[in-house]
Amino acid sequence: MRYTIFGESHGSAIGVVLEGVPAGLELDMTTMKKDLSRRSPKPDGLSTARREADEVQVLSGLFEGKTTGAPLCLVIQNSDQHSTDYEALRYTPRPSHGDYAGFIASKGCLDYRGGGHFSGRLTAPLAAAGAVAKQLLAQRGIWVAAHISSIYGILDRSWEDVEELRTAAAKPFPVLDDAKGEEMKTAILEARQGQDSVGGSIECVVCGLPAGLGAPDFGRNVEGIFSQHLFAVPAVKAVAFGAGVGFAYMRGTEANDPFEVKDGKVLTKTNWAGGINGGITNGMPVVFETTLRPTPSIGLPQESVDLRTGEEVEIEIAGRHDPCVVHRAVPVIEAAAALAACEVLGI
Amino acid sequence: MRYTIFGESHGSAIGVVLEGVPAGLELDMTTMKKDLSRRSPKPDGLSTARREADEVQVLSGLFEGKTTGAPLCLVIQNSDQHSTDYEALRYTPRPSHGDYAGFIASKGCLDYRGGGHFSGRLTAPLAAAGAVAKQLLAQRGIWVAAHISSIYGILDRSWEDVEELRTAAAKPFPVLDDAKGEEMKTAILEARQGQDSVGGSIECVVCGLPAGLGAPDFGRNVEGIFSQHLFAVPAVKAVAFGAGVGFAYMRGTEANDPFEVKDGKVLTKTNWAGGINGGITNGMPVVFETTLRPTPSIGLPQESVDLRTGEEVEIEIAGRHDPCVVHRAVPVIEAAAALAACEVLGI
Amino acid sequence: MRYTIFGESHGSAIGVVLEGVPAGLELDMTTMKKDLSRRSPKPDGLSTARREADEVQVLSGLFEGKTTGAPLCLVIQNSDQHSTDYEALRYTPRPSHGDYAGFIASKGCLDYRGGGHFSGRLTAPLAAAGAVAKQLLAQRGIWVAAHISSIYGILDRSWEDVEELRTAAAKPFPVLDDAKGEEMKTAILEARQGQDSVGGSIECVVCGLPAGLGAPDFGRNVEGIFSQHLFAVPAVKAVAFGAGVGFAYMRGTEANDPFEVKDGKVLTKTNWAGGINGGITNGMPVVFETTLRPTPSIGLPQESVDLRTGEEVEIEIAGRHDPCVVHRAVPVIEAAAALAACEVLGI
Amino acid sequence: MRYTIFGESHGSAIGVVLEGVPAGLELDMTTMKKDLSRRSPKPDGLSTARREADEVQVLSGLFEGKTTGAPLCLVIQNSDQHSTDYEALRYTPRPSHGDYAGFIASKGCLDYRGGGHFSGRLTAPLAAAGAVAKQLLAQRGIWVAAHISSIYGILDRSWEDVEELRTAAAKPFPVLDDAKGEEMKTAILEARQGQDSVGGSIECVVCGLPAGLGAPDFGRNVEGIFSQHLFAVPAVKAVAFGAGVGFAYMRGTEANDPFEVKDGKVLTKTNWAGGINGGITNGMPVVFETTLRPTPSIGLPQESVDLRTGEEVEIEIAGRHDPCVVHRAVPVIEAAAALAACEVLGI
């Protein structure tokens, strides 16, 4: 299964084509809608004021409710666009956005309106594709769940069993510890008030992958496959498996996962490895954390350059922005993980 | 250019085939030798006692000293093998090694001797492939340099200009601050004395990549491409670009890189983004950090399971092991980065 | 550049997503329209009576008339559908159609209406994608032209210079020798009258590809790349380069192309090799012939099997069919060749 | 499974790396040896006088006789080389060889000795890789068999049942009709006497592929997959499935394959489609024919050009050449078909 996301923030529509979807899958549009709704901005001050219905239209690959194996094309119409907000920024790239890099890459032919193809809005078709992947995984007893592990340095607590993780993932503000969640919200609102933004991190778990998938080699390595999917999510700047960056502070005696046998199954007592050894799944849950940068769109004046004249200029970004994308990104990280898991499984 | 590494720790030879190497490259075997020597274990107590000449033989793709464009096959003979050390561990996987996952993946047909195809020894052909990639990059004014950024929580200082970084990378123990390097060595030797091991991290910089390479999309995203190459290096468990996991603690005002114009060039005053925005290079150095886990091979008794009987057993790992692989991995990370940079450039 | 075609004959829309289109191409929708019109059925009795506007809508990847480098999604709405014609054939596959193979591949979830995703109608987005590819080639002085080389054993004459070939390609019935063209039309009309169909062949030429592209190896071989693109065109059953199947009847002295020097350029006096030696372009025009099978949709009664009961049954295909697809396939073969040429060029 | 062939005719060794070989395959070196012996030149005047042992050495991926799933590297040493034969031709490309195209592609850095990487000798590792593929197919009840269908216009008769085809394939000169085989041999010897060469064709059958594999789409189309593998065999210039180029002379009533039910299985009474409809297997044997050009190496004087001076020159090719490669290519076509079948099966 291979996916291609297309569209621009202020174009007529955005969408995704999934090639190689197994035939015979009864596509559950309700769970897809749910995932899209999880990532859509709410009128709670924590997100952009842009509102989109995110109605998914199936153009192809589905017949009488079931996938046919032919490419599945899912399209979402755009509507609530304020393109004029961006006119002023056409030649003055916003710091740390894709504007400048995209301008060079596109030889100046960038659709600059609302981030164009770089927009976080493109995560809607990714979530839709992920919903298809999740259904294929569910058929095999595999599920994916994520929660906010931190925002602006405020950490959620660790999960103890997988059920509480799934419960947390389904919350409107997906944290295990709601008190911590309130602190995070306050941090977001404060950032917003200061015309600023905040970053954070998401922890994600894939449960049910059998042992023995993958290989140590480039191209077949499970960590490599997951990371390539995850870095395609806008704002993700780090991917860490198991103990992650913590390994740099550990000894082998601390980091090694002792084996045990439970109900005839070979397990490990701890899971610092995050379910992967030597690039291959070991049967334990695949666990990883992604770090998301603070939204580069902030209201304060910033230093830019006029790409026509080469002169340094000060800009101010108008428009409706997210002071934080971490909470909205939770289903998107799950989607990328689900698509990665499908690739690992050879689906 | 695509590479395939083959071989096992205790097989007759290890090697790599590089497909798509541009023709006409005068292959510099001296710099290749140098990179291989940087990763080879030294008799300093910081590494395994295994000694290999790591003499690279070119089987194909080279004629009169120049690449022909046909697949380049590089082979290194194995010699210093103590296969009997591993006999006892055949059916009792070493915790946090690839043994168990590999046993399942190979349906029990694993070459268990010395880690087989999972062995760190396979990084020798990777370093050789990286040396080819580095030469191709050098022709375009691009270079790669890495240093140990931490071992067991002892941090090297930050680099200030690229020249001191290149100098550090070339050191026998590649750190910027040699005093910190001595502390790290002490930590390694202490771990070794305790039959234990330690983890750490490597920071790597790719200088000279032009702006505008890559795309935000899956499969063409620069961070995605780098990460897939990096996770194929054994022991790497986290990859973080620019400010990396630090982004989770930052505000947009701190994390955004203001633009400036210098000598007619568009630059950014800071480089928290690590040279990549929206999955595309922005012309600043590509900077990332990888975390490497402590070597799972430790001398202390550990809990395993007998895969024949399904019973829990205690094992002790004999043989010659690295108490830390971080210092030896520096040229390997550079190699993976160089191969990734070639992919990004469409070489 | 990679393309994915989606859609079904009787779905809401068909289309294509092109990934990796170079930025800055001023997309010429007029020549695209022309290619689509060349493949569309005309009311001349030589083709199906189905009529479609084939209006191409650009969903993404185009801004102010130029490609942005982001995925280009082209969509064509379906309209003139008679789905009920196919109801009766749902479980009784039409001989030599994709029906049976598709039924098995889709686990019974086939969109059987009008051939579904197997329909010749899907060549419309292919022609559209080819029009993009042709424009990219034109920028490099490369063009593609094809003509009907035979229908039901009636052969067009050989081309002598490239100009007459381009003129022929642009004709409503693309042959060099119009008298032969009339014979072919008669053969088609006769087949139609007999509720039958006829096959034929198309010769295609790609002019302007520089020498030195490709490699002898699997995956990079120019003949291999072209053939994979060409066999994705429905009805194509054979692909032959240069002298093609004629080589089996030749001696080396006849088949070898002697070198000559003209205006300082190395050319060959003959071009039996079809512009490719050892899997690499030699600078001469790339010439190949594809054979297209007679349309399997014929009006006469045919032997099928009821897939529900496993019993042999006789079927009659209602609906509107092409008694021959060769003349309509000319721009489609050109499209596949143009996409292949782009791949060979690394576009 | 993906393969990369490396080596040059006059280098130290040639070989192949197979990635993704399923673990647990007991590698049968005897049948591999047999296939290599089928393609090796015999002292019968029908082939080159070059003699090589073609001893396959397994460098990696095999442990205790079984594949481990790690890359399998097979190497064959070169020995019987007369490199000086080629010195004179270094800058005067042999007509219709890869010399000129290869010279340009390699920017002048071509290993010109004995065809270098373009040499027919590289089909030895291809045959070895094919032997691995054949074993994997055999486990699934699938086999591949080919025979010479024509040499210089002399046609072998058609096969009637699969058993006689397998018998023919195993013959030293693999034809169904030995009398025709003698005629072919005479044609080869006559060509040789005239310092000339002859072309021909090979028909190949893959039996046992289940229905429902593949897709109509580019990249997943069974005919496209097979053709890409087949065109990577040197000298192949045409690939035709089922009735092949004959379709151009047929009506639908002749070309359509009527269904029948036998022993509860859906079959077709004829197999003009060659086992593939709409790019998907239909359960009937996959049948195709490849055309091989006459060997371009002929002893007669030929017109070339001196690439240093740009002047036209006459050359004579010394050395030991094959007056025909068709008979030696039979196991090589089988190998390519077996590798294609594995790709189609997702092995």
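Miscellaneous remarks
The first chain written gets the first letter, and so on, giving A, B, C and D; residue counts start at 1 in each chain.
Quick note on the criterion: a contact is a pair of C-beta atoms (placed from the backbone, for glycine too) under 8 Å apart; a residue touches a chain by one contact, two chains touch by 3 or more.
Just so we're clear, the structure is a prediction, and the values are computed from it rather than from any experiment.
Contact with both subunit B and subunit D is made by A, C. Taking the mean of C-alpha positions as each chain's centre, the chain lying farthest from the centre of subunit D is A. Interface comparison, B-C against C-D: more C-beta pairs in contact at C-D. To find the repeat of B-D among A-D, A-C or A-B, check which pair has over half of the same contact pairs by residue number; it is A-C. If each chain is reduced to the centroid of its CA atoms, subunit A and subunit C end up 39 Å from each other.
Mean C-alpha positions place subunit C and subunit D at a centre distance of 27 Å.
The geometric centre of subunit B is 47 Å away from that of subunit C, both derived from CA atoms.
Among the residues of subunit A, those touching two or more other chains are numbered 4-5, 19, 69-71, 105, 117, 215, 217.
On the side of subunit C, the complex with subunit D involves touching residues 3-5, 93, 95-102, 104-105, 117-118, 122, 150-153, 191, 196-201, 211-219, 221, 223-225, 227-232, 234, 236-245, 247-261, 264, 266, 268-269, 272-274, 276-283, 291-298, 300, 302-305, 307, 310-312. The part of subunit D that touches subunit B in the complex is made up of residues 4-8, 11-15, 17, 19, 23-24, 59-61, 63-64, 66-73, 75, 105-111, 116-117. The part of subunit D that touches subunit A in the complex is made up of residues 19-20, 69-71, 215, 217, 220, 346.
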